[in-house]
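Okay, so chain A shows up in both of these, paired with chain B first and chain C after.
On to the complex of A and B.
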């Protein structure tokens, strides 16, 4: 009892120390952070990336390298989840955790109504990512959530996670190849491959890349859901 | 939001991480810490009265888009890492029959 109190006391002292360190370095944050990059994006962002939404412009053009590795981390995490969730037992007659009799009828009925709306909304967010708030990552998450609702509508639906993972790997390779295409047209990798200054032509790249990333994120999250549903037998 | 408050969220996560006795609660605390970091980054480029970083006519003051673009990827990565940790929790439960740190550490030490 006493030792636990002492431990908590030391812990709180340590956290207070961290808080103090942060408090005294907080003044430095304003010095370290300058608004030069923000002004640069505001002045040149539209001409460089042809994207109305600056956030999309950054993660699809200026910092595409980071986005590719983010997609790679997603792929690795999904592969790890599926590898960990593998069973030695033969997986015939696997029933999902969702029991049709336990799910309220009202929920199932409304899920049927909401499901197509969610899919359309997700696709809208993905395709319109360069014009309005949104993009591949957010839209992909919405599409994956819509697919999760599909399991409530039809609990006996069986999906193969390894098949989903194979498609995701192929999409990831397509993303990397598509991002590297600009070395032939512009001489540098990981930027917009279209040299035309017309915004309409450059937008093709943004929409395609958003769709690819959206498909990849949706497939990854779908694979995670399926792996978790398989666990609850 | 004050940066101090966001750092307080990080500290709450760290406190829970070091005191929680349940593995699933530890995973929750990692998520709380991550939320604090995300709030801190968003706070860094925030601007009182600034508009969203989407081009429009007469746009003068915008919120810095760079932390937002970084935090999009962080949120997606965070969700997948949480899923990976929870899947490990399920495996630990199948192996040890418990998700308490005490039981898992004791049984793991005997083997």
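On to the complex of A and C.
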């Protein structure tokens, strides 16, 4: 009993420390919990960003700088996975060997029906990101899932991972350049470059940015799938 | 008096804890994948109850579509045990009345781990590089190579050092006097 306590003493100390931090933080919660930002976004969000969905307004206008680094994190993660799985980047036309007899026929049949619907739903979520819940990241993930299902329907599909990765990098550069365009029109970087206060004009920027982010996320997740599919055989 | 939505939220949170414990306790991989999927579905409905539909869509797309499919791919990759037979004699060959020692050993081994045994003697799968003294397998990922030592008459089972299965194979092979298990580092094996 005593020896085990000494053995795991470090863990117990760590738990006590975390509990102490949690307790003292909860005591100060009233001071920390401030609704100023929330009230500001609710009052001025629609007027500033022309986005009905305030979440899209925040991550594409107020906090665009943060969103750029989120997109960069995904790019770094994809590059790391491709690097760890040790395949040559010049390797072309790898044959995927998903065993067709192991995949149930029912799954393949349903995948054929669901695949176009998933694609359309993904594009709807991307394009409608400023009006309804969703946006570039969520829609891109749905499109990527539809692409993954394609490999179950057709196991012999060929894909060049290096091509996907290079397109993703180009799209990321386009996103960064597009986000910095506002320095020429408004004098500050990382905001909406259109100076017109008309909501229709400002919406163009939101839709374009959502489409770019959606394409980037879909390509990144697609590259991860190809790394996983090529692993093993 | 609690509103209906609050009762639902509490029920979902209790369900979340039950699913989390079940994920840790279960042993079957397929069941665990389904449980992970249902975990993120329950989480997504909790997000919707707390007025966060954006996060809920992301949770559904990532947690219950992409992650289970990646798990399914990874697990189905690992179920096959590919053996390359370069001895080409009655060590492996399965005839109508008799099966070789090696086949019996590998069958016991694959039954123990519930693997699908795939024995091939296709010489094009791997080729021996005499300059570097290593075996290069380009087309597929071979788990085990069988070779015969011409001087001593021993059969050599060459496997990867990193594979956790090799320990059990050595244990099984100790019953057979003419079988020797050799471990290679991954680079030398020619992955």
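Here is the rule we go by: the second predicted complex is superposed on the first by the 204 of 233 C-alpha atoms of A that agree within 3 Å, B and C clash if a C-alpha of one lies under 4 Å from a C-alpha of the other, contacts with A are read in each partner's own complex, and residues count from 1 in each chain.
The rule is simple: contacts are C-beta pairs under 8 Å (C-beta built on N, C-alpha and C of every residue); 3 or more make two chains touch, one makes a residue touch a chain.
These numbers come from a predicted model, not from an experiment.
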item	value
Partner chain in contact with A:145 - chain B first, chain C second, else both or neither	second
First, second, both or neither for A:133, with chain B first and chain C second	both
First, second, both or neither for A:228, with chain B first and chain C second	both
Touched partner set for A:55, first chain B, second chain C, both or neither	both
First (chain B), second (chain C), both or neither touched by A:26	first
First (chain B), second (chain C), both or neither touched by A:77	first
More chain A residues in contact - chain B or chain C	B
Partner chain(s) touched by A:125 [first = chain B, second = chain C, both, neither]	second
Chain A residues contacted in one complex by chain B, in the other by chain C	53, 55, 133, 135, 137-138, 141, 221, 224, 228, 231
Touch list for chain C against partner chain A, complex	53-54, 56-58, 61-62, 65-66, 69-70, 73-74, 76-78, 140-141, 191
Footprint of chain C on chain A - complex, ascending	53, 55, 86, 98-99, 102, 125, 133-135, 137-138, 141-142, 144-145, 148-149, 221, 224-225, 228-229, 231-233
Residue ranges of chain A in contact with chain B within the complex	8, 11-12, 15, 18-19, 22-23, 26, 29, 33, 35, 37-38, 41-42, 45-46, 52-55, 57-59, 63, 66-67, 70, 73-74, 77-78, 80-81, 84-85, 131-133, 135, 137-138, 141, 217, 220-221, 224, 227-228, 231
Complex interface listing, chain B residues touching chain A	3-4, 7-8, 11, 14-15, 18-19, 44-45, 52-55, 59, 62, 64-66, 68-70, 72-73, 75-77, 79-81, 83-84, 86-88, 90-91
